[in-house]
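Mind having a look at this structure? Questions to follow.
Each chain gets a letter, A, B, C, D and E, in the order it is written, and its residues are counted from 1.
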Amino acid sequence: MTIIRVSLLANDTLRQGGVELIDAWRADSDDKLWVDIREPEQQVIEPLLEERFGFHELAAEDTLSPNTLPKYDSFPTYDFFIFRTVDVNVSEHVSETEKIAAFVGRNFLFTVHRKPSMAADDIWNRCPADRRILARGPDFLLYSIVDQMVDAYFPMLEQIEECVDDLQDRIFESAEDMHLDELLHLKRDVNVLRRHSLPQRELLNQISRGDAKFIQAQHLIYFRDVYDHMFRISETIDVDRDQMTSTMEAYLSVVANRTNDIMKVLTIFSAIMLPLTLVAGIYGMNFEYMPELKWTWGYPLAVATMVVIDAYLYVRFKKSRWL
Amino acid sequence: MTIIRVSLLANDTLRQGGVELIDAWRADSDDKLWVDIREPEQQVIEPLLEERFGFHELAAEDTLSPNTLPKYDSFPTYDFFIFRTVDVNVSEHVSETEKIAAFVGRNFLFTVHRKPSMAADDIWNRCPADRRILARGPDFLLYSIVDQMVDAYFPMLEQIEECVDDLQDRIFESAEDMHLDELLHLKRDVNVLRRHSLPQRELLNQISRGDAKFIQAQHLIYFRDVYDHMFRISETIDVDRDQMTSTMEAYLSVVANRTNDIMKVLTIFSAIMLPLTLVAGIYGMNFEYMPELKWTWGYPLAVATMVVIDAYLYVRFKKSRWL
Amino acid sequence: MTIIRVSLLANDTLRQGGVELIDAWRADSDDKLWVDIREPEQQVIEPLLEERFGFHELAAEDTLSPNTLPKYDSFPTYDFFIFRTVDVNVSEHVSETEKIAAFVGRNFLFTVHRKPSMAADDIWNRCPADRRILARGPDFLLYSIVDQMVDAYFPMLEQIEECVDDLQDRIFESAEDMHLDELLHLKRDVNVLRRHSLPQRELLNQISRGDAKFIQAQHLIYFRDVYDHMFRISETIDVDRDQMTSTMEAYLSVVANRTNDIMKVLTIFSAIMLPLTLVAGIYGMNFEYMPELKWTWGYPLAVATMVVIDAYLYVRFKKSRWL
Amino acid sequence: MTIIRVSLLANDTLRQGGVELIDAWRADSDDKLWVDIREPEQQVIEPLLEERFGFHELAAEDTLSPNTLPKYDSFPTYDFFIFRTVDVNVSEHVSETEKIAAFVGRNFLFTVHRKPSMAADDIWNRCPADRRILARGPDFLLYSIVDQMVDAYFPMLEQIEECVDDLQDRIFESAEDMHLDELLHLKRDVNVLRRHSLPQRELLNQISRGDAKFIQAQHLIYFRDVYDHMFRISETIDVDRDQMTSTMEAYLSVVANRTNDIMKVLTIFSAIMLPLTLVAGIYGMNFEYMPELKWTWGYPLAVATMVVIDAYLYVRFKKSRWL
Amino acid sequence: MTIIRVSLLANDTLRQGGVELIDAWRADSDDKLWVDIREPEQQVIEPLLEERFGFHELAAEDTLSPNTLPKYDSFPTYDFFIFRTVDVNVSEHVSETEKIAAFVGRNFLFTVHRKPSMAADDIWNRCPADRRILARGPDFLLYSIVDQMVDAYFPMLEQIEECVDDLQDRIFESAEDMHLDELLHLKRDVNVLRRHSLPQRELLNQISRGDAKFIQAQHLIYFRDVYDHMFRISETIDVDRDQMTSTMEAYLSVVANRTNDIMKVLTIFSAIMLPLTLVAGIYGMNFEYMPELKWTWGYPLAVATMVVIDAYLYVRFKKSRWL
């Protein structure tokens, strides 16, 4: 069910409440309005956003669709943004991304997200204590939310980095299919993440260059700061991808190397056993006239021959560094 | 055989019919004309498009050729576009792309396609119910068709994704040549798709920037929306390609790992059997003077020796984690 | 030996002949002149092009050198172009590229090529029948030649594609070194082709944007069409390259898989034979006191033991899917 | 604990000391001030930089964060830069990067770094001897520091190059997992380095183009020179990365080749021993009627047969180049 | 020791000599001066270039440093260039690059190089015969030298191409570690070459666009020609790199294929010998009651069994294409 909560800063007084607070706000005033919508449903979105506030139907639709990439659309009386957030899931190596849509006008901000957003909650809670957040304008409010969202990437990237390092260590210890499977899934996660983070970076670059009408010039530097963070994030993602590719290549080499070692053991065993078995076989033949069989020292001599053969092979293998 | 159907919106009345309806339309009126041509043949295209409507010979030729890439050409009285559609073929992992050519003027739209187009059919059927589609102008009509065409990519991409996931799972279960063959074919399909989708994305970007004369400014946002979809599509294609490359690399590792395991079994078997065979061979020798052969406990001792040797080897293999 | 042939369209009359026709043409008239030079030699090029027509020494030199890449140079009274053609050699999987140099002025076209050019010959032969080719100006004449040249790429690309498909099929059938060798050579051919086609594409893009002074505006659309073809060609080349790289990677996997299968056979053979050989060896020992040897059922029991061991191993291998 | 040291050039007199010297400087004079801050702490940074000098809060924060990438922010009365330095650690193949933040105004320079900076120390010590460094302005002072910082990359790159060469040699000598492990770590180091050096190069490019307000035009050539160095550094890093990738691929081939050699030994051993063992086995059979066993020359003949078989195999292997 | 030689064209008279000729030249005349400096030393460079001719200290320093990449710096009275030359070393597959620094003014050219330069020597020797080289201005003189330098790349590239082809052939003949080692070194050489040639290409592009003040407009076409050559060179380098990467991948496949073949031989040998050995072993058992041993036809029957088993295996292997 759609949940709407509203913050209204009027006459230096902050009021927080439900959808009814919107009526207390007038579009031509300097009162600041923040409407935060969770789990948007079409039957709520359409009357509120499209009809009452006159937001474009395509923008309103975008707040409902789950997969939209980060973007910016300019409209005469508001700017429309989509940002992507990250929901970290420590135990299952899974990173889910979610989006947050924002309508920024001269004196209002609408944020729409399908799942609970830690960033929005946090700013909501800080509003009463620090009313400057709203007072500096809806663009600064948006910055505060986006800044928190972007910073949520860092712990997740650290987790991915740890995962890769961990996988790498385990691969060098014991080369098993299972690790490969995990690596492949991790790689897909990182690729999906990359796919979201590059347009987000580009979007933040665009904002910080001053392309958005309703972001005030004196706040551009803040978005530039978020852009720098986002840039670092996408750089880290690229390093991680490279490292995963290298790990996969290394895995192949490690496995090949193990096979090599196993082959060595097999070859040494065969080389040491087969000649002795042949000697034993020869003196197991049943010919009537085999003089060696009659000798008193025949048996010890045969065994001695075996020892000499293996000693010779041992020296040969030692020389060629097989042992 | 070329099939021509015509929609004409004149004096707020919609008429749908065959080629004869074109005569009821006048170029200098505000009546909206949509001519949809299927299976175009040169002897029809030339008199209709080139002579009667004065479309450029190269554009008219392009409507006949099957392989043209997405593009935009500007002419004084009309814009010429080529878009690519996708025909999904679930059962055979095959994706065929087709093209749709469009001439957009102030008050007319020509769409030409070689195969039946679901998007064109659908819009055709929706026209009588919702005449706004035609009333908003030929550019909005074009948007409606292109939007449907682009959205047809998504189910196909999902299928490809499923295929890749499926192949990946099967490879980890049993590494067979057959899967590789499939992967290679899938990769080619995706590469061809990519080759079509990148110029299409670029084309939609161009349109949404307002480069096309006969796309009205207030409809640019709609094409921008289609561009966003196309962007997401090409991003997904890139992730899929990456994943396929990784899968192929993983495949190699899996096979190498299997070889490794088989080698282990062989080596362990050889290592366990060969020394025992040697012991048996030694006491199978026919020397006259072999004191052990006379001993009452000779046989049990020989067997015991064998057991001790294998026990020793077992411990060694256990220690080096081979077992 | 240098072969020069001249087409002259004067007063609506077309004359075709040798070098002597040049004298009938005056630079300040509207007569159209086309001079086609084959197998250029320095002693001919210099007096004709540099001294008589005043073409720049570097441009004249470029008509002689075999390896020049596609390019465009602007001079006050003429444009200088180099295009690359392709000579297909079906039987040997070899594609040779050649170049054609062109000087385009207000009312003259010089084409210079080292080998016979099918495109130039064809246009030459069509001139008498359709004098519009010359009448529309030297730039349209150039377009006609370049269009034919570029279209000659397509059959060759199809051949390459067939080759790759063929190699791919053969690799999955039997993995031999020979195929790899062929693939490597094909790859080099494609890389060389790519190296020529990218600058040619760029050159055609430049022309179709209207950068060349002596290409009339109303003919730009024709060069744009050739550019679109060239774009498709270079896209196809890239898909082919990708496919070849994938094929090479697949080859490695196929070989690894075969090794795997061979190993399995060896291991199964060894595992089945070695224990039986051991049993036979044990009862081949010559100990005096081996009670089994005296038993009436000893021999059948020994054979039965062998059968049981192999039955057990058979079940084990069956379970682990080796058989 | 934060360490602050100040150089002040007033009336052609250089004074070096602690934070108290700042009071002797007036913002509207032509006196040159250089404040160098080490191990910045928030409680020191905020009053000094934000309150007293009015630097932007985001810039001040950036001086505290360890991971910021190189960047440039323009403010009305100063330029803010972040550069990355490199701390070489010879013995452990580890390269740590650090950052240095700089505020450059008309007549002051603030440099902030978390660790001791050799470049800052060196310039600090050279100031008393050569007061031109300060006299030429804070931008030239900054250049002097950055130039030293960038030059510190070169010895480190040489070390990495040596490491790679060394690893390469060791891999061709003996293919061990350990080397791979090292290579993987080295690769990550180089990737991280690359991630820092590309933005730094871009930053220096931006400065040398004259984007920064407080870098005087006649000093741009100096930053251009540093840019050229940085360009060379990032080129070298790319060559190193390529070489590491090639090395990893080569490693795989080397290991495969070793396996090949081992397999040859095993195969030759088996091929030479197994037939002889069979001959010995045949004449070890206990049939009553085996005429060869009675022959006087039976035994020598059997041995001769063995020799002949091996001689034949030897010739065969020799011919097929296995020996 | 620094070697300075001077060419002076004054009053249509060419004089060639040592450093003393510089005094005969006046900066405000139209006399053309060419100073060619070899093995520059700081104590010579500084007084001559910095003090006497007022060249910038950074440019003068750059003439001394060995590793500078190609670049262009503009100064009020002269242009400063660095180009890279190539010293081919046929026998050792090594390509060394050197640089040549040039100061170009209205009526003077300084060229500085650390090693003897074939290009400079050649032009020096041609000057007396063809004084047009100097008469056309210092920029044309520079072109003449650079043109020769760039053309020196071609024979070296041909050598590299031959090396790669040669390595490729040898790899398909016999797969040895040694070849890989060579390939790896060759790859590094090519990577280093590429690192130099890309900036050089960019530099020549910049010059031919007319960015350099002291290159006269009518000579741009000549630099454009050199740029085209350089473009072809860098394209060839890229094709070579691709080919080397493919070769390395192919090498791995070839080795894997060999292992495959060896495994086949081993498996066939084992499969043919082991069953026979088992049969021989069975009839070598010492059971008292083995009826076959008493049969007159026992021995021939046993041998016949062996032949039948091998015939059966032979047919099986034949069918599965192993033989």
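To be clear about the criterion, a residue touches a chain if its C-beta (ideal position, glycine included) is under 8 Å from a C-beta of that chain, and two chains touch if they have at least 3 such contacts.
Note that the structure is predicted; figures quoted are calculated from it, not measured.
**Student:** Count how many hops through touching chains it takes, at the least, to reach chain E starting from chain A.
**Tutor:** The distance in steps between these two chains is 2.
**Student:** Which number of steps is the smallest that gets you from chain C over to chain E via touching chains?
**Tutor:** Counted as steps through touching chains, the separation is 1.
**Student:** Note the rotational component of the Cα superposition from chain C to chain D, reported as an angle of 0 to 180 degrees in steps of 5.
**Tutor:** 145
**Student:** Indicate the whole-number Å distance between the mean C-alpha point of chain B and the mean C-alpha point of chain E.
**Tutor:** The separation of the two C-alpha centroids amounts to 40 Å.
**Student:** Whole-Å distance, chain A centre to chain D centre, using C-alpha means?
**Tutor:** Each chain's C-alpha centroid was found; their separation is 25 Å.
**Student:** If I count partner chains per residue in chain D, which residues reach a count of at least 2?
**Tutor:** Where chain D meets two or more other chains at a single residue, that happens at 249, 252, 256, 259, 263, 266, 270, 274, 277, 281, 284-286, 290.
**Student:** Using the touch rule from the top, order the ring's chains starting at chain B and going via chain C.
**Tutor:** B, C, E, D, A
**Student:** Once bound in the complex, which stretches of chain D touch chain E?
**Tutor:** Going through chain D, the ones touching chain E are 168, 172, 221-222, 224-225, 228, 231-232, 235-236, 238-239, 242-243, 246-247, 249-250, 252-254, 256-257, 259-260, 263-264, 266-267, 270-271, 274-275, 277-278, 281-282, 284-290, 321.
**Student:** What part of chain E is in contact with chain D in the complex they form?
**Tutor:** Chain E residues touching chain D: 56, 58, 62, 67-69, 71, 73, 174-177, 180-181, 183-184, 187-188, 191-192, 195, 199, 245, 248-249, 251-252, 255-256, 258-259, 262-263, 265-266, 269-270, 273-274, 276-277, 280-281, 283-286, 290, 292-296, 298-299, 302-303.
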